[in-house]
């Protein structure tokens, strides 16, 4: 496989407003994510942020992106509807999408899921343990039985998503909750992975295991050269004589 | 189970414009559908149509509907966005939804799926055979190995929907196509069944097997008394001493 | 629905050998399970145990059982292969099967899953909380956001089962594990529900919520009057002229 | 990815007994399959056949096989139970398995599915069209909207398998049937793909599209370096103080 073209999209607001976040991610969470992808051998990694023109997601950028990562939290509403629709359309056309943590409430993810994507949460330094429930899955490659994060925000069920196509991770939280933390979906020709960890006040995107999962997910989500999306009226087919008895293979 | 409250929603335009449709469904397709439900013992069946105020779907009607059937075709765009959103929200809150034939392109179905819901089609009197691929499913109850409809519009793959939770029927068409014709989905607390047959120029909704499937689907989609939808911030839980050793069951 | 015919199968050995188990279930766990079904309105409940002739599962009993519950633990190997095969065949023919707790290692369940069904475990009075992750499912009907059991044996992932058709419950354990605790499967015409709780040294089968879940599962697993299982050679079909243009519905 | 080690297992009986089969596959179907894999760049391809010692599947061969292809038909019963069990165990431990055509009735496939794997069939030169219903799937990579085979044996539903994890192809047959022709399953750490075409009296394994699908499936089924299979008793975990407030990432 040639190098996939990756775009890390980040809201990039907390770092400017909260010194604690700035201390952890002085150049922004997107830089930490891009750096982690670099460690795993990805060479074509761009970033894009909310406050750039078109949120950094021009048609040219979207058309040349194979896999898009998305982190947003406090400014979901500031993402323009037209751009959110373009992201959705690109996913249906084959672009991979990795939705991180609070991105569960982003416009593109909610539109692709068709549900509220709501959940429960608590900021109380819970210990999180992400158990692998599908060890054959390529997104779990190289991960042991579980990932442990010593402190994270808690997300709890019911998580209002459609049943995922595949469930890869389930989180245990010290405060008493579980959460479907690693979920795959296919929408149109595009593959989607939702991955829970990554609250802005923790150094989660420096965690080796978390970086491994994200790198695996990118490889898994790369678009395949599949048939064009062909819909609409179909001309009457040629007559199909039953049991025609031809022996050549077409 | 007490009697579920059913609302049959119908666009109800073809019957007024196309004499051939009027000849088959002189009182409208919704009446034929309601009549079929009556045959199967349902006693609380209302109808609602596009040209009624609020399309017949006032808050009061929606709140007192357990299962909604939806048939639309040529006027999807005339369904108000606000009403479509209310239908979606009611499904997430538990209302069952049976989407029929060209309803695949309706606003509520597309919003709940998150995809284009596009497909291929041909109006050429194809013979259709709907094979049961999940004979244990309650929606296939009482159906033999397949249903046959002597003439129908063809719908062909790729059908741009998320992978259904359960696939119950797959159609064979004489012209050379197959189609995932009976698909279940869960969105939020609501259950959704997409059922393919029912082009307006054929008497499909008088077909005994088709009526049986729709009646089965209504029973399957009735909402269950589940937990309230509770999201958002969660108070820190009481301390949870590990291995507390209590023996009483709470 | 008329009354389903239920058989509760129980190994019934611990009660005779461990005074602590006898103290909790003086008449056996099967009696507690049967009693719980009675509370939920089931009137046709039999029991069968390992040490009866044919383990209480004669052909006549199996043929007249709509839903079979199965609890075994220390004597899985003493279940005769021929009887285990008959149970499997009855499930493929439509009988529902509810597999409880350590029944994960029973011959019928392993044969129906095709995997080792192995898992991790610890007997240390863990607190267990079973979170509902599919609130629309009939097996979760009447259950709130979660069930809590103050002390239970721990079961941990990876649980070596095929991905369940539907995941209804995921357990949280105070010691740090999660487990897919409520899983549905369909095999042939039969429906299967695996439900985790019920270690013999705890009074779990007196727990109101646990009893509710088991009653729901029985209702869900009742066989449907579906098509006969028809396989093998199929005579050439009558000629199927494409687009024959018939208008009657057959 | 380095070169996966592939073993093509073939019953290799029809070629010796039926001149028509011999004419199509003079060196055996396994050679045609191996040749097709070579065309797609696989360099480590071995074959093994029923009449070799241990059916060509010694422990050494199985342990050094990443993906096993399996074609059998008339001599399923001659495969030794011990060897069939070893194949199953290797799949649970991570080996990929591609089951072809009449291999649906092989001992390893039936054991891994837990069902009868029965179906309907007819040898009458049906035209077969395999429609892609999951265009984002890597097994459909490079395939257009469908594959067409001008003459094949018909297989019809109900196909008694568990609901596949993913459905990739559905076949249309000119005689009136459909069939779930491309199905993925995961069992333990191993990935399984069932692919329908390949009756011995047709030159199906020279078909470019069929060869493409099989090559794709091999790539998809290569085992991943996942966690060891660890089951059984688990020592009590260290005390897990809730909300310990640590900030380092482990």
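Note that the chains are named A, B, C and D in the order they appear, and that numbering of residues resets to 1 at the start of each chain.
One rule holds in what follows: a contact is a pair of C-beta atoms (placed from the backbone, for glycine too) under 8 Å apart; a residue touches a chain by one contact, two chains touch by 3 or more.
These are the chains along with the protein names UniProt gives them: A, B, C, D = Trehalose utilization protein.
In this text, all values refer to a predicted model and were calculated from it rather than measured experimentally.
Asks: Could you work out which chain's C-alpha centre is the most distant one from the centre of subunit D (Trehalose utilization protein)?
Replies: Checked the centroid distances; the maximum from subunit D (Trehalose utilization protein) is B.
Asks: Hey, how far is the Cα centre of subunit A (Trehalose utilization protein) from the one of subunit B (Trehalose utilization protein), in Å?
Replies: 30
Asks: Using Cα averages as centroids, what's the distance between subunit A (Trehalose utilization protein) and subunit C (Trehalose utilization protein) in whole Å?
Replies: It comes to 36 Å between the two C-alpha centres.
Asks: Of all residues in subunit C (Trehalose utilization protein), which are in touch with two or more distinct other chains?
Replies: 124, 132, 134-135, 145, 156, 158, 163, 165-166, 174-177, 186, 188, 227, 229-230, 236, 240, 242-243 - these are the residues of subunit C (Trehalose utilization protein) that touch more than one other chain.
Asks: Considering only which chains touch which, label the overall pattern as line, ring, star, complete or other.
Replies: Graph shape here is complete: every pair of chains touches.
Asks: Would you mind writing out the residues of subunit C (Trehalose utilization protein) in touch with subunit A (Trehalose utilization protein) in their complex?
Replies: Listed in rising order, the residues of subunit C (Trehalose utilization protein) that touch subunit A (Trehalose utilization protein) are 129, 131-135, 145, 156-159, 163, 166-167, 170-173, 176-178, 180, 236, 239-240, 242-243.
Asks: Which of the residues in subunit D (Trehalose utilization protein) end up touching subunit A (Trehalose utilization protein) in this complex?
Replies: 94, 124-127, 132, 134-138, 140-145, 148-151, 165-166, 174-175, 186, 188-191, 202-204, 206-207, 223-227, 229-230, 240-250
Asks: Would you tell me which residues of subunit D (Trehalose utilization protein) are touching subunit C (Trehalose utilization protein) in their complex?
Replies: Those in contact with subunit C (Trehalose utilization protein) are residues 88, 92, 111-116, 118-122, 124, 154, 156, 158, 160, 162-163, 165, 174-177, 185-188, 227, 229-237, 240.
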